[in-house]
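Right after this note come the structures.
The same chain A turns up in both complexes below, where it pairs with chain B and then with chain C.
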Partner chain A sequence: MVEPVESDPSLLVVVLDVNPSAWARSPLALDKALQQIVIFINAYLALNPENKLVVIGASKRKCLLLYPSDSTVDAAQDIQVYEQFRLVDVKVLSGVQAMMSQVTVDNINSLDERQSPMSRALSMALCHIHRINEDQTGKIWSRILVLSAGEDAPREYISLMNSIFAAQKMSVLVDICKACGQKDSVFLQQAADITGGNYLKVNSAADESLLQTLMFTCLADHYTRSVINAPGSALIDF
Partner chain B sequence: MAHQLGSEEEFKTTIADYLESLPAQFSQRVFSSPAACLAIFRLISTVGKQLIMSMLYLDTSLRLQDVCQWARTDSQRMVRGKIHQLRKLQLVTEDHGNVSLNPVFRAQLRNALTGGGDFSSFGTPFKGGGRDTRITKAQLARYADVKWEAMLRFMVGRQDGSGESVVQPPAESVRSILRTAKLMEDGENGMAITNSGFQFLLQDTQSQVWTVLLQYLRQAEMQQMDVVEVLNFLFQLVSLQLGRAYSAEPLTTIQRRMLGELRDFGLVLQDDQRPMCFYATHLVTMLSSSSSTENSDKSDTKGSKALSASPQGELAASSSQGYIILETNCRIYAYTDSPLQIAILGLFVHLVSRFSNLVTGALTRDSVRQALSQGITADQIITFLTANAHPQMQSHVPVLPVTVTDQIRLWEQERNRLHPTQAHFYKDFAQKQDFDRVLRYAQDIGVVLWASIEKRQLVVTRQGHVKIVELVNSQRAASSATTSS
Partner chain C sequence: MVKPAVDDDDDYIDIDDTGPEGLKGADGGYAWEEEYKRSWDVIQEDASGSIQSSVSGLSELQRKRRRRLRDTEVVQRGIMRHVTVVIDQSEAMGVRDMTPTRMHAAMGLAEQFVAEFFDQNPISQLSVVGTRDGLAEKVTELSSNPMDHVGALRNRAQRDLAGEPSLQNALELAMHGLRRAPTHGLREIICVFGSLTTCDPGDIEQTLQALRHADVRVSMVHLAAEVHVFKRICTLTGGSFAVAADADNLRDALFELIPPPPLAAGRATADMVRMGFPIKARATDVPTPCVCHHELSFSGYLCPRCGSKVCSLPTDCDVCGLSLVSAPHLARSYHHLFPEENFVELPGTSVLSEACCFACGVEWNNST
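For the complex of A and B:
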């Protein structure tokens, strides 16, 4: 087993759950959560200039690659923020906005709508990770961060477990950040446990609590996690 | 002692040492711009970065013990060491067992991440009329390459010794940096290259630029310039975008002078007709992108250059395609016609023939030994060949044939076979116990180089000889005192 070295670059794939009915039920507002995610992404990019990033937006019917994407970004006249951060932030925010505006839902309150299928997004994430590993000459350590507000969809259990085992085989860590109040997502808990990642629940809507939690637990790469403890989860409902 | 050449590591340690030695009010000034905080953040170790990020959005201070509890049990000491390092850099303050981030640093790093604060520290873009023709990236690349190669050719050209002054000497600021960095020294026929200069030539462009910036910082310190302003400007330079016009308006006089001097190296381009406008070239912007050109080479050929976080790696990569083919019989074929690259190859390769786009030669014992005697190490030759290897060779693992790399190392070891040491040789001891006593004493003080107990002969170092003479004299005095009494 190759041990992580301090200066190895990382690859982070952020999977954002863009399901409006799920977010309507969450204690956290989507726009605030997005702002904090964007700051977290900037912090990740600041760690190491060689770090790579992929952002995927997952809604009920579609799974889109938000960054790096070919969509054009209009050049702002004044530079408000470090240019590298700005490109990423603008693409992610405009991508999520586009996805939300395309969602047309008949019955927004039905049980079916609250479920967000994650297996599609996870498979897409794993494909991107595999492709980047092929391109890269050195060793790169990959992990996935899932920000989810919806509930589990029972019919996708098998496909989800398949992607989890594939991630485990590729030694990809999967961190889960759940923003849906009281209910736990059993499948995603297993994902975090099997691959060695963290499972977090964000209940309070206090400013920047999501950001602080993410910075504290999910920012660390493989090497740092071997040095610094991660908060463990006590009970997993297998 | 070999002068350890500037690379990213040395730059980091120098900046770290410098920040540690700053008094408190100066460090507040350095931390007052988001660009500086971001650059300093990137310089510290990975664990240190994690500690800072964990504390960044906590407004209260934490107990030191709690922070140490974050670490796993077998890494506790390492984490304590990192916290101590952060304290020395004045990023973390400790107060009665509570640690918290330096408030100025914390505020500005938050600004760097969220885009608030004084965003001009990342460079103010140039607004205004003037010429319509905007400088293109290709123009910038050409300008930078011409200036940088002129400096390198100046360094190599003098080595011929034939006195030909075909090479234009660069500006005085460049020459003074070369002189103070001990890359060249003043000789009879102008400036001559030193051993460190040879090593500098074989490094990749990024390390060379780091060396120049580091030397500039040292020179600023010696000239009593305000180092804080120089540092701030360096940090700002490293985070500029390629191909964008920046205004020199908000810069201070010292920083504007720096701009003029760095222009001679090809690091920035200043428009003559609009002196307030400057562009950063790829030599500077690639410092903040991926450190090895191999990564960017491979990903660029697949056309997916948008994947890495910095979009300006492509121009640097396209100008550093490999061109050397090395065969297992030590023959070299270099597909280049640039006189600079041919001159650098000529340092350690015996060049045989030259065509319009190709130079052939061989690595012979004499050519490599000549390079070794001038101070180049075998590792540097191997790294240089690997970094500039033709893409066809790079598909092999390892890139260079093992026979050739081993042979270069063997040639280097040949020079290390004999170590002369000044010593004294003792023989013809009259009695065995005399010899034993002297041998034991010499072994106790650790100066024995060789001893033969059967032949009663001993070789000791020069310093040891003095002590043994004292011992023998004192014993002779003691024994003559006993016999006489």
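For the complex of A and C:
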């Protein structure tokens, strides 16, 4: 079992749940949340020059790779902002905007719309991780951060658990951050528990900050997690 | 599905049997009469003089072949398995045809087998029996903790090999241990043997009848050759018999036994099994004892029926006997019960409409 070393690079795959029904109901607006997520991503990239990033946008119907993507970035160059960060930010924000604008849903308040299927995004994330591991010569430690907004979809239990076991085998940590929504996502709680990640719930109504939660718990890589004390795990409903 | 056939004529070779004719290859000749195959011709040097690519290509081919043959039929399988592993510790296991000896190879693979077995079958239980010098000894009791078994196997590997194994004693001892297992579970005995002989106190036919009566499935992986008695026991009880040519073969043959086997046709099915899903005990300031090891610990799981604390899952509650599992353990078995489709190999990427891979977004290059 190879142990993580402080200088090892990491790979972070951020899975953004863009369920419009869930975000519409949230006290934290999607654009504010995205700004905070983008700041978090920049902080992650700043930690180690070899850190890699993949961002995947997941909606009910589509699962799109937002970064690194081939989409053209047409925003003007801004000398105030570090160019590498600006590229990432613009790609992510424009990608999410494009995904949201393609949503045409009839019954947005139905129960079915509130559920976000995560297994497709997780499988895509694992494929990316596998691909990057194959291309990389040294050891790279991967983790997945799921920013979940919607609820569990019961019909995807088996495929979700299969992805979670695959992640466990690949020693990929899965952190879940429930950005909006009152109900705990039981499947994702189990995902975090099995793979060794954290399950965090951000209560925006009580003025808890998404950025603060992310920075304090999800920035830590494999090596650092053995040293820090993660926030206590709630009783998981098995 | 294997129907155990009751056939008393099996002991005598008949004129209808396949006999030596069954060994002939596809062209009608024996394997030793065919032209000598030069396996080294496959390996070619590439531009830089390295043979790494063709060697990795070979193993890639083997892996592909294995993947293609995966069984995707949806059948009823035995998920709760109670398996006894019988390890031969006779003098025949000291032969050096596997490096360094058969015993070392077998023990190393047995440890890997135990770890992989509990990974694929988390709600099953395993026990180990060793046989040497005409006797059989129980190495570990039925339990679902892989560390117990791996530790015991390591200790066992240090001991000397002696005498001849006794298959009958080993099977009787294993059956006695499996009697404790509930009937809704699948009872199996997996033997790893190296000796061509067995030194038994009585008639092994009676043991065979007892095994069939108790519905125990015996499978064996032999390291030397096919022995009629061993093969007969395996086939009549519904198990499998394999002979391993070398260490890789042994590993493959052993690991074939890890996925849950399909149930035989006549078994009673659809039992209701009572299982408990314990919740995590609240972390306390003062350590409390657990009922499984009687040791003090801060955390654990509480049995939903009697409330006693156990250290780890899956296990049986020592106080009330309830099987305690957690949902991911059951979910682990789902991929055996609902297997995914096999991948379809395409002749080239020109047949696809998309320009890049759906999963990772990388563009196709036309050599793949």
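Following the convention adopted for this analysis, the second predicted complex is superposed on the first by the 230 of 238 C-alpha atoms of A that agree within 3 Å, B and C clash if a C-alpha of one lies under 4 Å from a C-alpha of the other, contacts with A are read in each partner's own complex, and residues count from 1 in each chain.
Rule of thumb we're sticking to: contacts are C-beta pairs under 8 Å (C-beta built on N, C-alpha and C of every residue); 3 or more make two chains touch, one makes a residue touch a chain.
Since this is a predicted model, take the numbers as computed values, not measurements.
Novice: After the superposition on A, what does A:Ser123 contact: first (chain B), second (chain C), both or neither?
Specialist: In the superposed model, A:Ser123 contacts chain C only, not chain B.
Novice: Let me test your reading of the model: by the given contact rule, A:Leu87 touches which partner, first (chain B), second (chain C), both or neither?
Specialist: Only chain B; A:Leu87 stays clear of chain C.
Novice: Comparing chain B against chain C, which has contacts with more of the residues in chain A?
Specialist: B
Novice: Counting only touches as set out at the top, which of chain B and chain C does A:Asn162 meet: first, second, both, neither?
Specialist: second
Novice: Give one of first, second, both or neither to describe whether A:Leu47 is in contact with chain B, with chain C, with both, or with none.
Specialist: first
Novice: Using the superposition on A, tell me which residues of chain A are in contact with chain B and, in the other complex, with chain C.
Specialist: On chain A, the overlap between the chain B and chain C contacts is residues 68.
Novice: Help me check something: in the complex, which residues belonging to chain A touch chain C?
Specialist: Per the stated touch rule, the residues are 65, 68-69, 123-124, 127-128, 130-131, 157-158, 161-162, 164-165, 190, 194, 235-236, 238.
Novice: Within their complex, state which residues of chain B touch chain A.
Specialist: Of all residues in chain B, those touching chain A are 34-35, 38, 41-42, 45-47, 49-50, 53-54, 56-58, 69-72, 75, 78-79, 112-115, 119, 122-125, 239, 241, 288-292, 294-295, 298-299, 302, 304, 306-311.
Novice: For chain A, which residues are in contact with chain B within the complex?
Specialist: Those in contact with chain B are residues 6-7, 9, 39, 42-43, 45-54, 68, 77-88, 132, 135-138, 208, 211-212, 215-216, 219-221, 223-224, 226-229.
Novice: Within the complex, which stretch of chain C touches chain A?
Specialist: Touch list, chain C to chain A: 277-280, 326-328, 331-332, 334-335, 338, 359-362.
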